[in-house]
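Data first, discussion second: the structure below is written as structure tokens.
Chain IDs A, B and C follow the sequence of writing; residue 1 opens each chain.
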Amino acid sequence: MFAYLVKRLFYVATTVAVMSVLIFWITQVMPGNVAYMILGDFAAPEDIATLEAQLGLNDPAHVQYLRWAGGMLRGDMGMSLSMNQPVSAVLWGAVGRSAILAGISIVLVAALGIWLGVYGGVRRGRLADRIISIGTYINIAIPEFFWAIVVIMLFAGYLNWFPATGYQGIEHGLWAWARHLVLPVFTLVFGLIAHVSRLTRSSVIDVMQSQYIRAARARGLTERRIVREHALRNALLPTVTVLAIDVGVLMGGVVVAETIFSYPGLGRTLIYAIQQMDMPLLQACMMVVTCIYALSNLAADVTYALLNPRIRYGNAADA
Amino acid sequence: MMKTSLLTICLALTLGMTGGHAQAASPKRELVATINSNVNFFYPGRGTTAEEYNFGMLVFNGLVGIAPDLTLRPELAESWTSNEAATEWTFHLRRGVTFHNGKPFTAGDVVHTFKLLADPELASRARSTAEMIDRIDTPDEHTAIFVLKEPYGAWPSMLIERQLKIVPEGVSLEEMAKHPVGTGPFVFESYTPGDRVVVRKNPNYWEAGLPKLDRVTLRIMPEDAAKIAALKAGDVDVLWNVPLESIKALEAEPDIIVDAKATGTWDGIVMNNTQKPFDDVRVRRAVLKALDKAQLVQFALFGHGQPTHTPIPPNSPAFAKSLGFAPDVAGARALLAEAGYPKGFAITLNVPVGRPTRERAAVAIQQMLAPAGIQVKLERVPYSRWGATISGKAPFYMDGYLARPTLDTATYPWYHSSGSWNNRMWHFKSERIDRTLDQARRATSEKEQHELYRTFQRYALEDAPGVVMYSINVATAYRKALKGYETHPYSWMDLRTAYFE
Amino acid sequence: MATPLTPSLRARWRLPPGLAWGAGLLVLIVAMAVVGPHLSPYDLDAISLEERLQPPSIQHWLGTDEFGRDVLSRVLHGARSSLLMGFGATAISLLLGVPLGLAAGYYRGRIDEIIMRVIDVMISIPPVILGLLILSVTTPSIGKTMFAVGLVYVPIMTRLTRSVTLEAAAEEFVQAARARGESAAYILFSEILPNAWPAIIIEAGLRVTFAILLGAALSFLGLGVQPPASDWGLMIAEARPFIDSAPWIACAPGVALCVTVIAINLAGDGLREWLDPRLQGRQS
């Protein structure tokens, strides 16, 4: 296990390194640069040239990259060129806020999605299952950005139950903080729950039909006990894997949700960095994104291995 | 056991709720306003965005200010005079003013401010203004004499410019970038990038009794829908720069006041005079004729603006009211045929991303030019690419410009062949306009000046470097309980006299 | 044990209901996309000051937008770009991903390592963000967005192709062909691919809806189809300021998007059911 972990972590590190070169290349390839963005629409060409020289944008590409990479390895993320602030100050605040949003969402997605999947799977074919199935089927078809807009229109505009703006610091009161999170979390959960519940349902169905469960039934165990003690453990294996992939989907959803709800998190910072071609900030954001995604994949694989001694790639185990 | 934990939860929630609503009894003394993006530069000399101008308004003062009715008012300068030749301007500085760090305001700070602005390393937008100064004499601590390189009758109105706020000597630019220090009504408190800027009341502000608010929070909210929802829900008190398409909906709200003002800010179509087909003035005039500006105001601005033909503000006495805006598609086609394009031509119109008025105008323009035979293809370009690939290079694009303080600064840079914007825009040259503008600069009487500018406007329509389509209103929306506030035509927020009742 | 397809195909003419409904709906949508705009009495781009922001009525079945354009005509026309995005991007991901997966699965060794490392890097970026990055280096247009979305899904197609290729390459008849000295091209196209394609096609079917939704999301964020074109994602983005006063402008394209995706999903699920019996034991 230890060797496996080390190998995987090494892969994560190389992926992150390759990513950084890729991002740097992108900022070099784009016409225009951050100097244009800082100085605004009508800057004189001489002023742009002066600023470019100051920011070191005229140095050869590999020099700029190595300068940045050297700083990173020393733990210095550099200055955000467009915001005139150290990247770390901007980044960690944003990451923290996104983490709250994503963390709450994924817990809810896991809890609700699994519950819905088990509920439907165990009652396969009956009315409850059909309703849940149709619901999730439609859910998958609704794009997240459209859902967010409808949610704002309904709950913030028409009913005025919740604020449509994303963030209120916790220092302004727990209730206000929570209220502001409701709609963005609702949007994110909505985007993922169908996937998790459908997968759970199908793996529950598979497991419930397996030899192992039939044997348990033959032994006279109650249905409830069968589900709780035997079926769940095996059915949840693919769900765990999917939750890791969902972290990636969630991050995409976070980008959209933070844009629509004006939530000052990592997603919005990333879009801002792309628009401004702010290389240090963009690199830092992408590092975080890559690490989170790679580490969550790793966590899923490890959990899977721990729950199932036979590591297999694939779906429901026929234990 | 369950009951006690339930009780605790209820208590916690209630405390949380009341914490937020503690100030329901007495009138609020803290205001929350929305702005669209980050404030990247606290030091006013490097400000380029409206958000930075807003910040500058709160934390700094200039020598001269401008009231919402566009009259000059004394700020850090109590009065000013000039010599006969308008080359030396003497400003008598206000006494008893201190910066937020306790340092008294003196003439030395004025010299320091302008020295910084003239530094090419700083790349300040106001550098050209600072370069008009030969030197600043300070015979005593409360007098500053600007000795200009050339006569300039409107010098005091130059000093209202957003970058020309006075900063203290002895505070380095690195310090200013982290803890800005000015003489303004509010003192910088904190900044969370992407979230908010907070400033609090300056207890030693030189205007007695002001400001009335204890604290102002600028919340950074790029999303229009979120801003509007926040205002309606009472999460924010002021929505700065209301998107024009939402004005009608907000006006219908009973608790919200929308204050719109006409400004000199204008949108225009830039045609590169050095590239075909726009090197022929007949083609340019044809484009002008084919457009229905009144309709453009409706489509692009939802009626919150007025059609115009010049950057000179519509309420200026120099505005040539007699020149009309009626479209003439047949005339446009005739002009095109004359110029050698009887069947019209195809061209791409570049539009900046993220400027909804221009994006909407572009859609309408595409439809309006079609009957004249001009096939327009729209291409949106993000701002990151704009300066490098479009400005002054593309043949046909949309752009917009802020109001300027004087007739000269509103026209010269665009229309004079040596003008700074001209060479980054339409590369326009007209001898008669050059002559007229130079004369107007030197004009001694207002009457003569206005006459010359009216002549200029007539020439400008005929020589048509591009199309100045309309001037745009600016609007702020705020909760009814807020008093003592009005929208400023320069579109910054002046919150000195604002208070809640 | 791999069996040739054809006899089973002929034996299974009874189509699952999902496939019938889904495919039928899809055909209807495509027909409307192609023919609909021509049937409409309104010019797609014609703006009209007087008719702005009108609710659905007899003259305009889905109302008008902020330029006075007929929403129904635009929604019908928008189907084209969404369907093009979905199928075009998927085609691109197949064109690029399948050969890569075949190469990785068949040749193994160095080639496999390199390809999989590159794939790993691409997979470690969430789709929306990857799309954003790709489109940030260029002026967006529908073609480039389609390409970007296709690129985003190449890793998944490559991985899938690689895993079915690995399985197929282990089979006896492939070993036999190798022993006979057949060229790699022959083995890949005549032995491996015919057995791999059902799984690939099914995955591609899934990808179509993801591609449509990703394309719409990118257009929504401003990096896809450009105005004044009528694309569903773009229409929803443009309708945002009017969501309270004129909700039909956003809802019409939104509902159209959902219905199209549901139709494709139904057809895809039905297709999977139909092909399923031959995939027993091949689930990957």
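Criterion: contacts are C-beta pairs under 8 Å (C-beta built on N, C-alpha and C of every residue); 3 or more make two chains touch, one makes a residue touch a chain.
Just so we're clear, the structure is a prediction, and the values are computed from it rather than from any experiment.
Asker: So which chain ends up in the middle if you average the CA atoms?
Answerer: A
Asker: So which chain is farthest from chain A, going by the mean of the CA atoms in each chain?
Answerer: Most remote chain from chain A, centroid-wise, comes out as B.
Asker: Between B-C and A-B, flag the pair that has more C-beta pairs in contact.
Answerer: Contact tally favours A-B.
Asker: Rounded to a whole Å, what is the gap between the Cα centroids of chain A and chain C?
Answerer: Averaging C-alpha atoms per chain gives centres 22 Å apart.
Asker: Using mean C-alpha positions as chain centres, tell me how far chain B is from chain C in Å, no decimals.
Answerer: 45
Asker: Taking each chain's centre as the mean of its CA atoms, how far is chain A from chain B in angstrom?
Answerer: Measuring from centre to centre gives 39 Å for this pair.
Asker: Indicate the residues of chain B shared as contacts by at least two other chains.
Answerer: Within chain B, residues 225, 385 contact more than one other chain.
Asker: Would you mind listing the residues of chain A that make contact with two or more other chains?
Answerer: Within chain A, residues 30, 149, 152, 157, 259 contact more than one other chain.
Asker: Where in chain C do residues touch at least two different other chains?
Answerer: Only 240, 243-244 qualify.
Asker: Which part of chain A faces chain B closely enough to touch in the complex?
Answerer: Going by the criterion above, the answer is residues 30-33, 36-48, 50-51, 54, 80, 82-85, 89-90, 93-94, 149, 152, 156-157, 160, 163-169, 172-176, 259-262, 264, 268-269, 272, 275-277.
Asker: Considering the complex alone, what residue numbers of chain C touch chain B?
Answerer: It is residues 45-47, 49, 66-67, 139-140, 222, 226-228, 240-245 of chain C that touch chain B.
Asker: Along chain A, where are the residues that touch chain C in the complex?
Answerer: On the chain A side, the touching residues are 11, 14-15, 18-19, 22-23, 26, 29-30, 137-138, 140-146, 149-150, 152-153, 157, 248-249, 251-253, 255-256, 259, 270-271, 274, 286, 289-290, 293-294, 297, 314-315.
Asker: Show which residues of chain B lie in contact with chain C when the two form their complex.
Answerer: These residues of chain B touch chain C: 224-225, 243, 245-246, 248-249, 295, 298-299, 353-354, 356, 359-360, 362-364, 366-367, 378-381, 385.
Asker: Applying the document's contact rule, which stretches of chain C touch chain A when the two form their complex?
Answerer: Where chain C meets chain A, its residues are 117, 120-121, 124-129, 132-133, 136-137, 209, 213, 216-217, 220-221, 233, 236, 240, 243-244, 247, 250-251, 254, 257-259, 261-262, 265, 283-284.
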